[in-house]
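Note that the chains are named A, B and C in the order they appear, and that numbering of residues resets to 1 at the start of each chain.
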Amino acid sequence: MSSIGDLSFARPKGRLPAGRMFGAGLLVLLGCFAIIGPMLIPADPAAQDFSASLAPIGGDFLLGADHYGRSLLARLAHGARLSFGLAFLTMLAAALPGVLLGLAAAWRGGWTERFLELSATIVLALPGLMLVLLLLAFAPGNYAPLFLGLSLTLWVEFYRVTKATTKSVLAQPHIEAARMLGFGSCYILVNYILPVIAPMIATLSAFAMATAIIAVSTLSAISVGLQPPTPELGSMIVELLPYYAEAPVHVLLPAMLIVLLVLGLQLLAQGDHG
Amino acid sequence: MRTLRVLFTTVALSVAATLNPAYAEVLKVAGPWEIAGTDPAQTGYVFSRLQVAETLVTANREGEIVPAIAHQWSVSGDGLIWRFTLRENAQFHDGTPVTAETAAASLKRALAGVGVLAQAPIADIASDRRDVVIRLTKPFSALPAYLVHFSTIVLAPSSFDAAGKVTQTVGSGPYRVKSLTAPARLELQASGGWWGGKPAIDEVSYLAVGQGETRALMAESGEADLVFSMLPVSVDRLKANTKLDVQIATIPRTRILKVNAASPFFDQVEERQAISAAIDRVGITKVILRNADLAATQLFPPAIKGWNSPDIQPLVRDVDKAKELLAAAGWKAGSDGILEKDGKRFSVTLLTYSSWPELPPIATALQAQLRHVGIEVKVSVGNSSEIPARHQDGTLEMGLISRLYSIVPDPVGTLLQDYGPGGSDWGSMGWDNKEIQGVVQQLAATSDAAARAPLQARAVEILQRELPSIPVTWSELAIVSNKRITGVEVDPLEVNYGLSAIRWAE
Amino acid sequence: MRNFLVARLLQAGLVATVVGALCFVLMRVLPGDAAMRIAAGRYGPDARIAEAAEKMRLELGLDRPLTAQFLEWIGDVLRLDLGHSLVTGSPVVHELKVQLGASMWLAASALALSLLVGPVIGLFSGLKPGGAIDRLALAGAVIFRAIPPFVLGLILMLVFSKQLGWLPPAGFGSPREMLLPALTLALGLAAMSSRITRNSVAAVAKAPYFAFARYKGLPEAVVVGRHGLRNAAIPVVSYLGLQAVYLVEGVVVVESLFAYPGIGHALVHAVVERDIPMVQGTALVMGLMFVVIAAIVDLLTHWLDPRVRRMA
């Protein structure tokens, strides 16, 4: 199978374009909210107050309260920390082996490539949902299997893109010449390969993080996600969904945070140009 | 050219079929239950509720046993031999008559399988002319109630394959199966041969819709005429809709906290009473169930006649009392606010399951309320089988479950299971009370209402004082119907939804 | 062509064996009592599950040696017999025909709908990267990609079923009923494919041959049509090929929201209820489907770009 990576995503160098600045700014803000927010907001995200059930936005609660009367601001901050952290780790755990194995396959070729290619095909052929469900069955409600299962299905994408792109770079005449002239692998990697694959990996990472968050929310929707009262953005949406007619904005708040995160990552990864 | 014309005609016809009002004459029903499997013990309730198959006797809206396939029955003087006489005009959908042999064969099959019948003291089942004869090993007045259960539906011999497996459901009710696409759709057609006459609506289409939000939208968009089991949050909105009728009935189902009375956390009655006093039942029912009347002040709701004692001390929230009781039981607050006794923290796992969508939210509320009195609760949402599994291996600490007291219409059937010696899967755990076992045995043996009343009151009193399982909320069933139809009635026992009595409104 | 087929067949055989063995091992080392879970799946949460499980234990033969069970399964598969579901009792092949069939219809419709939207938007955004269309398309793609599908589905239901009354919120069997779930999936898919098309088109638009075609004075439409589309289509096709697989399984929430009897929903039930033959059968068939789809995608990219031949 050919891959997304056949084309180059080369980007003009120089000062950051406005779109990327905006994306970076957005990410910094979200990062602050997720990291510092839980420390600054005094409310306990698990403290219930039935008299404040579905309290509106802007009253006693800055961002309203959920059906149990828990502060949504506190839950969003804690949820952002957990979801973004989990998504980042999942992405990292998928991207690192994916990129490294991709490089290895392209560099070594032969049996290494064949073996890796087969492993990737098998992982893709296994229904990803089933893999995550099976792993979760070993330790229900825990982070570790959730995280492992998601990374296990996501690494293939990184692997394939890295491999295909690296191969096409290595096949270019001037690189072949450089290799023959005795330039070290490191030199070629840093100067020729990384600049080409980095922007693509960045784009993939942005979407992989979104995929991870949505996957956790999907699992909550079928009641196999994290256990209550954990504030996690995806499961917050699931919990609040039955109240959509009475408090539509409450339901959309956690979704907005996910949208902003993906938007920030996308802008930063892609900028104004291709 | 000809193919083109055929194509055109097909398209035109299907468009016409969609627009034609005659097409809309199907009664469209939506409910949460999927049709997985054909065995009566698995999915018999779908066929019983939708009136495809019938049992020998059934229960009316008040829970009294009334005739179905059998039009009369009697019991011998020693209480050991029951005779059920079948009506002459009952016939299966394949045209064959319902005979005592076929009925007895269905019942024998139920007796050998997984169903309630195996729990009755039945020695054997036989047929004698028009009678089904059931011999018991000891008197058991609740037997007719057991024969209401959906696993005892009577099926025609053509329902089974050579190996005795059910391959299709050929029953004797007012509707016959037209087509079944498991697990989601069942299409029914009125059967001409029902003893009760021909139903007013000829065709019924049932669709399994698992999500409560979607079911509400099915009703609101007019895509379904009759929708069962609405989410509490959507009931008010549906009531305000002028095109819809909402009917609500309290059903004999109670959500209870099953506690392990053999564990150091719940072995003293004070501890169980403290948990009960720490729970904000009114808050939970207001916020999650949207009806404060469902707060379970005792095990059975008022709708179950004879089993709800109005003069019993109700279970209410009293946080101070809960703290006192816990202190009396030897629990003292530790450094982090969690209670401790003999170096052991009061930290327990609350196991629940998502087969009932309201259980995990109620567990989340209980978690916060118990934290108030210094009890740390970890909520674990799993599969419903984990409760019996961890009951068996003794590792269950606390479970939030939804218990049905009308598995057979007489609650004695459930109490026999739940509070017998050693407890049971969905009943007590590590709690052994000789008195209630005696009371329940006596109740099972007698059908004399005057003798039963004091026994019932006593049973309720013991359960209220000892709290082997702690009642949290009662339940209700909400049914929405479009104003296009009339004659809809809620059956609180969920035995039969009475489709045959529904008519198109004028 | 012949080599290609042989290689693919070998790959299919390998994938089937490994997937089958993996599922077999995983399903059997899972903690918990399988008989209990199967009993709960069969008889529901009100039944006496422990007793039912006792009755079933012998019938199911779960206590037999693992190697014997595995060899038996392999033998059955070779005779094209996937066994019977432990929960519903009907043949796994029959269940797959209904539920996987339903899912494939849904996936195909979603794919078709997304192809109407995604690549077109991507094409216009890619021709002018950073332009107004591109920015709008980016915002749209991010929103549809980042909102969980069940929220998107509910919004569509509220609009098309409740407000407009055009489409039913649930059901299956007719195109009218399939439109809403397909649209829900298609929007998410189009979000991704529009971005990939956009990047692809933007890259092609910068390529020398494209610029040359423009200098030749060919009209814009001809340039795009002749040189742009074909080259830009390659990554899109290979991306969609992958998505087709995700679609068949990854739609579980959309299926349960729209009461659509698909394979995602069935698979979740099967794993939770430890319906071993059902899980193994589904994994096997879906694994083979993946191999087939991968082969089709390869053929397509081959046809679109003969240069791939060199790289393979």
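Note that in this section a residue touches a chain if its C-beta (ideal position, glycine included) is under 8 Å from a C-beta of that chain, and two chains touch if they have at least 3 such contacts.
Predicted model, so just to flag it, every value in this text is computed and none were measured.
Chain pairs A-C and A-B differ in how many C-beta pairs are in contact, and the one with more is A-C. With centres taken as mean CA coordinates, the chain nearest to the overall protein centre is C. Distance from the chain B centre to the chain C centre is 37 Å, each centre being the mean of its Cα atoms. Once the centre of each chain is set as its mean CA position, chain A and chain C turn out to be 20 Å apart. The geometric centre of chain A is 43 Å away from that of chain B, both derived from CA atoms. Shown for chain A are the residues in touch with two or more other chains, namely 241, 244. Shared contact sites, meaning residues of chain C that touch two or more other chains, fall at 32, 154, 256, 272. Within chain B, residues 213 each touch two or more of the remaining chains. On the chain A side of its complex with chain B, the touching residues are 46-48, 50, 53, 67-69, 140-141, 223, 227-229, 239, 241-246. By the touch rule above, chain C contacts chain A in their complex via residues 11, 14-15, 18-19, 22-23, 26-27, 30-32, 126, 129-130, 138-139, 141-143, 145-151, 154, 192, 196, 198-200, 202-204, 206, 234-235, 238-239, 241-242, 245-246, 249-250, 252-253, 256, 264, 267-268, 271-272, 279, 282-283, 286-288, 290-291, 294, 297-298, 301, 305, 308, 311. Residues 212-213, 231, 233-234, 237, 280, 283, 286-288, 354, 360-361, 363-365, 367-369, 371, 378-382 of chain B are the ones that touch chain A when the two sit in their complex. Here chain A touches chain C in the complex through residues 1-9, 19, 118, 121-122, 124-130, 133-134, 137-138, 157, 167-168, 171, 203, 207, 210, 213-214, 217-218, 221-222, 224, 234, 237-238, 241, 244, 251-252, 255, 258-259, 261-263, 266-267, 270, 272-274, going by the rule given at the top. Chain B makes touch with chain C in their complex at residues 18, 30, 36-39, 41-42, 114, 118-119, 165, 181-185, 207-211, 213-215, 217-218, 220-223, 353, 355-356, 383-386, 388-389, 391-392, 402, 404, 407, 417, 424-425.
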